[in-house]
Amino acid sequence: MDRAAVQAQISRIAARMAREKDRGQVARYIPELAQVDPQQFGIAVAPIKGEVILAGQAEQPFSVQSISKVFALTLALSRAGAGLWQRVGREPSGDPFNSIVQLEYEKGVPRNPFINAGAIVISDVLLEGRDQQAAIADYLAFLANVTGESQVAIDPAVWASERATSARNRALAQFIAAEGNLRHPVEEVLELYFQQCSLALSCAQLAKAGRYLAAGCREMGAGPVSLPVSRARRINALMMTCGCYDASGDVAYRVGLPCKSGVGGGVLAIVPGVAAIAAWCPGLDEKGNSKLALEALEDLAQSMSWSVF
Amino acid sequence: MDRAAVQAQISRIAARMAREKDRGQVARYIPELAQVDPQQFGIAVAPIKGEVILAGQAEQPFSVQSISKVFALTLALSRAGAGLWQRVGREPSGDPFNSIVQLEYEKGVPRNPFINAGAIVISDVLLEGRDQQAAIADYLAFLANVTGESQVAIDPAVWASERATSARNRALAQFIAAEGNLRHPVEEVLELYFQQCSLALSCAQLAKAGRYLAAGCREMGAGPVSLPVSRARRINALMMTCGCYDASGDVAYRVGLPCKSGVGGGVLAIVPGVAAIAAWCPGLDEKGNSKLALEALEDLAQSMSWSVF
Amino acid sequence: MDRAAVQAQISRIAARMAREKDRGQVARYIPELAQVDPQQFGIAVAPIKGEVILAGQAEQPFSVQSISKVFALTLALSRAGAGLWQRVGREPSGDPFNSIVQLEYEKGVPRNPFINAGAIVISDVLLEGRDQQAAIADYLAFLANVTGESQVAIDPAVWASERATSARNRALAQFIAAEGNLRHPVEEVLELYFQQCSLALSCAQLAKAGRYLAAGCREMGAGPVSLPVSRARRINALMMTCGCYDASGDVAYRVGLPCKSGVGGGVLAIVPGVAAIAAWCPGLDEKGNSKLALEALEDLAQSMSWSVF
Amino acid sequence: MDRAAVQAQISRIAARMAREKDRGQVARYIPELAQVDPQQFGIAVAPIKGEVILAGQAEQPFSVQSISKVFALTLALSRAGAGLWQRVGREPSGDPFNSIVQLEYEKGVPRNPFINAGAIVISDVLLEGRDQQAAIADYLAFLANVTGESQVAIDPAVWASERATSARNRALAQFIAAEGNLRHPVEEVLELYFQQCSLALSCAQLAKAGRYLAAGCREMGAGPVSLPVSRARRINALMMTCGCYDASGDVAYRVGLPCKSGVGGGVLAIVPGVAAIAAWCPGLDEKGNSKLALEALEDLAQSMSWSVF
């Protein structure tokens, strides 16, 4: 990877995004997110080896929201293995991230682990054999491990805000419970889910956190994460087909890389064998993905000729 | 690409598939397809450069059915450009290949060009400025071009069978027409659609036909196809997210390559920068994809460590 | 029935409706219907015994459209009996009159005989043992019989218009055929369906035509129609639950009588044991029912204290 | 009304139902209901004037379950008036009683007050201006009033059972809350909902409770309920189109009377101007309505020639 070329491209992109007028809409359904300044933009590229490359507000922490679903799935797969797929599918849903329709047609088995319903089932898996405090501790330890930083943390204000405005997620969880696909009390599962979504990371941290998906265990050097390359590939496949809600097909077409977005405005993208990228801009498009973060990734991928295809 | 390794793997796989007892169900909805011998299996790998590598009944022609949608889309994109995406989406549908439900909710705009409804719109695009005979001639010329063979042909018996058992596709086309998304007479559009689906190719021919997606125009040598690499990448992206109906997510997870399947039992897979693969076995799984062709691709991809992720 | 009171009420109502500004939208999807003058309004009450009572343009013929489904069902029930209910349901659909969604979920068995899909199956039943010409002749003979008039006729301009703008109905019919629920060629079934919808009647004629449902065979005097009272009651029940598309519940609530509407602006209502009522005004509400015809029926039912409840 | 004829018919029907082998399935989703003896059958006819007429186990209390929705709606309409219809529709849903699909498509406005989602909104209305204890006291006072009995009561075991197995109803309530269609805390609304469903009445009591719908205020004598006849008619209309879930059309066709069923096996039917009928038999058909109670009502309606049509 040509570090100088990457630095030049992301600096250019950050400048371009700073000027952009049409920035989408900041998520309003959680009060805490609605207060974020929409002018901000950050981008970071973490090569498999070497230092992370930054542009814009790449060190400003933001709420990762649904991007956390990638980390939760990684943990859940390492514990439950392929048996997990009895309880959650791996197909794109064709519906918005918080839809309950498919849950009814498919009897409480969510379409994939990257929509809210699926991530709630994953939270239930993460409670297996430990209480909620232990489960969140494990989750944070995993993040500390993959980012190589000790200070990764839950944002307490966002967490409180999630909890207070949670009716739709409560509906999803109750519905899954009604169909017999939760093993722990609904409230406990939701607590873990809300807490995990409230993780705050900067672009720099998020890009570093994603490196294990770019590298697999083969190439990641001395790091403590041991993930078989086949598992990294499969998580990337899920990000590609299901990572951006009902715009996943469009993102695959435009960006050509596995991506996972969050309503906090962040997007994590993986260039297998090369690097992990994190882009962040709070305004969302009508599908709930960051408008400018996606445009930045499209621009960068094209400029660097990064595409899995 | 290690030709000897590939030959060894596909020979092993062909032998394994010959022994397999559980072969799925041959498609019954077109009488002509129902008569195909389910014992057959073929596989072919066409490297970007060099001869195609074969195993099993790789030279036995079969009905490509929906795999033809890849070629039709390629032609339509080269003519209509990005304006095409006003008339057909690029998202996974989450529904079976012949579903009419989403058409109603989305007012006659099919979810993607790889479900029947979407391919019917693509046929309409291919009729722009020419009659049906000219349109099918162009289509066959394109195939002759990409395969490098002059004898690619429509199977008249399958064509007649398609036409005679076409009620569901007629319903889709009428519905799209009712919503104003067809510009030519329904019957003409359907004729082209049925004809194009009735293309017969062997695995060897199909793999050669797919090379332009593996290479883009950059590397394909003296061939007459000139496809910008960005377009090849985008077609691959669509194959990845939408190529195997409502099992696309599952196939991405298991195989890790862009694939397009047909109810004739064929699957085309692309290893970008390396090769195109065609596998064929008539029996289908419950989602309408060839059971053993997918297992063969999963096996080969894993053995060769081929994955876009 | 107090004839003078009825006359007073409907004259008052006709005067009120003539003044009404907000008249809804004339149906535009059939060109012939789009040309009808929206200022017109007619109403007629046909008591079980005695002359029909008229107000407004009650002798102006209009296109009955879906109201014809009541007569077609009556004929089909008298021929096929309860076996009919294997091929069409008797539940409200909860969806618009021309929806195709439920057809897919319920495998080609339409929800009820009063939505388009259901009436197409009824047309297929009416072709049993006779060709299309004989079938339409029988249908017109039935109408002549129940109205006591020989000149009831199909409007050829509307018929031609229906045929020419029929894509959605063709889609429905093809879909039903694809699911194996049609026994005659799709084109023949549709011809009968279009022809039957194109029947032109005045309010006076339509009200007379409906008397057999108000009376059953018990009380209808010397007329030639012999319909068991239990069958009349059941057709009324279907009109109540399914007669006004996805506004049937609302109409039952507001009017309290079994009603069947058509997109030509007509509504037939039944006061069991008392009279049949026809009201007509071309402008439709957003559910496809005549805005002012329904208001007129609501007003009349309340004024006369006519309600089945 | 010929009392002797009614007594003869219901005695014959009770004897017939005692012999019936195919009794459907007792509701299993609430443990308390699953323990009810399926052999029981009761029927009661309450004429507008005069004593109630009984047969079978007509004095055995059972859980009225969804039949309570009729009483809750009556109270809510008397308080909120027509404004209620901004928050809940009056169309048949076409879906099962506990479906959440339509709630999503229609943004938290339930289709009608007789499906669970609609009744939850009604409970919210009943909490307006009073706490949950006052609300349930009002509800019981209304029941005491219409039945003329002071001992009507909630069954505490059923109530506890409802609460403990309430995930699906919790999901519905949370979803409605998420769409902004609840004004009180979800838990409070659900408590009232569960309590009201747990009302225990015998057929004799239930038939008496229904008389106000058969009579309107005009004819009901000295009773303390004052319900305008127009309101009674409208509640009857809703029972006709929406009272038996997605079998409402079928019940209208077969029985011809407004009916409301409950999963406890009871059905309340109204013969306007004549009587209210309660039938009870615990076994349900696949739509969740009592199999034999409906057959009994069909038999009785036919024998007495009772039909609104």
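Chains: A, B, C and D, in written order; residue numbering restarts at 1 for each.
The criterion applied here is as follows: a residue touches a chain if its C-beta (ideal position, glycine included) is under 8 Å from a C-beta of that chain, and two chains touch if they have at least 3 such contacts.
Remember, it's a predicted structure, so these values are computed and weren't measured experimentally.
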{"item": "Graph separation of subunit A and subunit D (steps between touching chains)", "value": "1"}
{"item": "Maximum centroid distance from subunit C, chain identifier (CA atoms)", "value": "A"}
{"item": "Interchain centroid distance [CA atoms averaged], subunit C/subunit D, Å", "value": "32"}
{"item": "Computed distance of Cα centres, subunit D from subunit B, in Å", "value": "55"}
{"item": "Separation of mean Cα positions, subunit C and subunit B [Å, integer]", "value": "47"}
{"item": "Where subunit C touches two or more other chains, by residue", "value": "none"}
{"item": "Inter-chain touch pairs (all)", "value": "A-B, A-D, B-C, C-D"}
{"item": "Contacting residues of subunit B [partner subunit C, same complex]", "value": "99-101, 103-105, 167-168, 170-175, 177-178, 186"}
{"item": "Residues of subunit B defined as touching subunit A within the complex", "value": "89-95, 102, 111-112, 230, 232-234, 236-238, 240-242, 246-250, 252-253, 256, 258, 270, 272, 302, 307-309"}
